[in-house]
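Think of it as A, B, C and D in the order they're written, each chain with its own count starting at 1.
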Amino acid sequence: MSRTEILDSVDEAVAGIEDGSTVLVGGFGFAGMPFDLIDGLIRQGATDLTVVSNNAGNGEVGLAALLKAGRVRKVVCSFPRQSDSYVFDELYRSGRIELEVVPQGNLAERLRAAGAGVGAFFTPTGAGTMLAEGKETRSIDGRDYVLEYPIKGDVALIGAHHADEMGNLVYRKTARNFGPVMATAAATTIVQVAEVVAIGSLDPEVVVTPGIFVDRVVAVPARRYTVEGAR
Amino acid sequence: MPLTPHELAAVVARDIPPFSYVNLGIGQPTKVAEHLRPESGIVLHTENGMLNMGPAAVGDEVDPDLTNAGKVPVTELPGASYFHHADSFMMMRGGHLDVCVLGAFQVSAVGDLANWHTGAPDAIPAVGGAMDLAIGAKQVFVLMTLLDKQGRPKLVPACTYPVTALGCVSRVYTDHAVFDVGPGGAVVRETFGVSVDELRGWLDMPLTQP
Amino acid sequence: MPLTPHELAAVVARDIPPFSYVNLGIGQPTKVAEHLRPESGIVLHTENGMLNMGPAAVGDEVDPDLTNAGKVPVTELPGASYFHHADSFMMMRGGHLDVCVLGAFQVSAVGDLANWHTGAPDAIPAVGGAMDLAIGAKQVFVLMTLLDKQGRPKLVPACTYPVTALGCVSRVYTDHAVFDVGPGGAVVRETFGVSVDELRGWLDMPLTQP
Amino acid sequence: MSRTEILDSVDEAVAGIEDGSTVLVGGFGFAGMPFDLIDGLIRQGATDLTVVSNNAGNGEVGLAALLKAGRVRKVVCSFPRQSDSYVFDELYRSGRIELEVVPQGNLAERLRAAGAGVGAFFTPTGAGTMLAEGKETRSIDGRDYVLEYPIKGDVALIGAHHADEMGNLVYRKTARNFGPVMATAAATTIVQVAEVVAIGSLDPEVVVTPGIFVDRVVAVPARRYTVEGAR
């Protein structure tokens, strides 16, 4: 038993997400993307969302489906423009969605800062560029830095490989990407995994996200999108 | 009758909600662990890099690579995890722990904490994780005697020792009474063989009752 | 004769010191990997969380959980490691990579880089890891054609496109020549079927020779 | 083959450390303390060192031995005062060593900042205390923060469990502590391990410190100090 809830269905896992929430969505392209949780969020109905994710959706599945359903007010991401990001493109060009572009490493670090209780930090990334316009800058030891603030989520939706019943998580290969930092940065972290294993089944040395960061877990059958589908 | 340290540790343990993630400070707070029921699902954090720490190691269990923050050999429970120091203090600073139990030299009515430095001019300063722990849990409980060895109150209108953090303490467990502290001042929650008026006689501050 | 993209990728590969930790940007720089000799001990980093990335996956090797930063399925080599995005970009921002190879729209004589935005008013801005990569290696190599499709130089006195980072590029590999850039301006290291005086005719900047 | 040097002796591993260096020393008490590297550093002779470590030595072994040998100008640590820290105590009281006390979490985060290329960061730890005196402070979203700067090392001396021949490291239990962050924060990271294993022997999912952060590795026979000895 632990504070982490192990739930039987995706719909239970995404219950209670409120309109206007900031939702952190893991994944880099399709790797680590919590497709089932996003589908659940679409069914759940929350709207006026701010979504923080590396990309802004591919094709018409996952994040793109959420955007297409009209639930997203703003996207905070590093790279919205992909060959198959036409759902986002159309919303953006027609002025129906806001966009904040954040360099990928600053995105990861701002999420980490939220999880780590850091109030703000000086990063060299973006200094001297148009993405630093209007931001506080400072020269430290002869190098230029931009002050960046944490990005906190109300909810994080994450895909991981296995969870134990305490919510400890392990990931698989490059599907790890944003999951571990987003798990720390949200008030409520919801994780879909391929399998929930018994307490004691994960070696304590190899846990990547300790259960303290994990609120809800649901196991879903593997549903792999082909990589071709992701382009 | 005032509580013994053992009895007081049990009172603190009773008040920690089930399934909480908890850090117990070095010294007397460590004793709270002895009163946590396994079925409570409470998970102990030690800032040197572990969650789900078990009891002190005995005999062959002793492993120099597995200690608590007081450098005492401990054990691991099923479901444990290890992590490095930056990740460990991220858990604290980021507010992920539910409860932290600390000792103190002084606590003020508004929850300022002094527990790292007596202010003695010849003392070698040493803070360890005290300041990180003080700011790093949703609730900070202090476990201390109400009076010091000279009979002076340790719950004070304002700390005279150098502070560890401001306004961080939410509750103070002492041998004579339990107090909530915070912006509204001290509130007596529970007494042990003493009346609230008697407490008012000892303490130099207004005391309210819930 | 100007070099083909294939030949130019080989020149870049030749110049990367053995045992370097290297990030190859999306697009043309990715091709440099094909020219790295296994015995060079060069380790490839991909910013989506891996060191010692192997070649593109083929057939049954394709695993949706294992891609490079361009989202192309890749393989892992013995001695690989995986890590999360904050740790991955820490490697870049902290200056732990030896070499990063990037494409560019423009590079200035002092090493300013423009490779993320054409400045077109209707373009959807998208930066990805470009700014982190630009500031995040001990040496940043740019791999590009010397002239754009309209015949205009891409090595320029000052970038007219929005910059990715200032003064970050140390060397520029083009189909016609290789340049060092930096505070002292552009230095021609090597030419491919063109004289330095001809280069001077094309480029609007002083060119020195080592 | 890799950039990481696998060396045959401790003396080779610590060769070239210069007088006046800032040396990051891993370990928390005795767990993870690189005893053999410190002994090697004493033999090597570098002096006028600044040592960054959680403690300031126990008894007369390890860090305490380095202090006793008179090689350390300044200690940056969180907790110098222990029941058996008499070597440090005497140096400090007689004015022969400088001390900078840093809260333990700020110490870890300042080391991480050095490794992560963060120019400075706002931390709530220490705000309003005497350890914030003279430092820049700021209120962000109603909370008080102190600006802290990176701590960079010229050298890090670290104890880990196993290394592979590329320098990838795994640790053991709470001996992990400061090792992973210090490895990122030093120009030259030197590691003693119980065993060097072949490339391919470590699961890529469980590597804690990738070899990119590791310059030199030496395997030394286990030499465990009893925990009693550490008090």
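Convention: contacts are C-beta pairs under 8 Å (C-beta built on N, C-alpha and C of every residue); 3 or more make two chains touch, one makes a residue touch a chain.
Keep in mind that this is a model prediction, so the values were computed, not measured.
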Quiz item: When A-C is set beside A-B, which has more C-beta pairs in contact?
Solution: A-C
Quiz item: Measuring centre to centre, with centres taken as mean CA positions, what chain is farthest from chain B?
Solution: C
Exercise. Between chain A and chain C, tell me the centre distance in angstrom, where each centre is the average of that chain's C-alpha atoms.
Key: 28
Quiz prompt | For chain A paired with chain D, centre-to-centre distance based on mean C-alpha positions, whole Å | solution = 33
Exercise. State, to the nearest whole Å, the distance from the C-alpha centre of chain A to the C-alpha centre of chain B.
Key: 35
Quiz item: Any idea how many Å lie between the Cα centroids of chain B and chain C?
Solution: 53
Self-check item: Multi-chain contact sites of chain A, meaning residues that touch two or more partners
Solution: 109, 112, 116-118, 123-124, 171-173, 204-205
Self-check item: Of all residues in chain C, the ones touching two or more other chains
Solution: 50, 76, 82-83, 89-90, 92-93, 135-136
Exercise. Examine which chains touch each other and state the graph shape they make (line, ring, star, complete, other).
Key: other
Quiz item: Of all possible chain pairs, which ones touch?
Solution: A-B, A-C, A-D, B-D, C-D
Quiz item: Taking the complex as given, what residues does chain D use to touch chain A?
Solution: 109, 113, 116-124, 138, 140-141, 143, 145, 149, 170-173, 203-206
Self-check item: Partner chain A, residues of chain C touching it in the complex
Solution: 46-50, 62-67, 71-73, 76, 82-86, 88-90, 92-93, 117, 122-132, 135-136, 162-166
Quiz prompt | Residue numbers on chain B that touch chain A, as the complex places them | solution = 19-21, 39, 41, 43, 45, 50-52, 76, 78-83, 90-97, 135-136
Practice problem: Would you tell me which residues of chain A are touching chain B in their complex? | Solution: 1-3, 112, 114-118, 164-166, 168, 184, 199-200, 202, 204-205, 207, 210-213
Quiz item: Which positions of chain D touch chain B when the two form their complex?
Solution: 28-32, 54, 78-81, 89, 92-93, 99, 101-109, 111-112, 123-131, 144, 171-181, 208, 224-227, 230-231
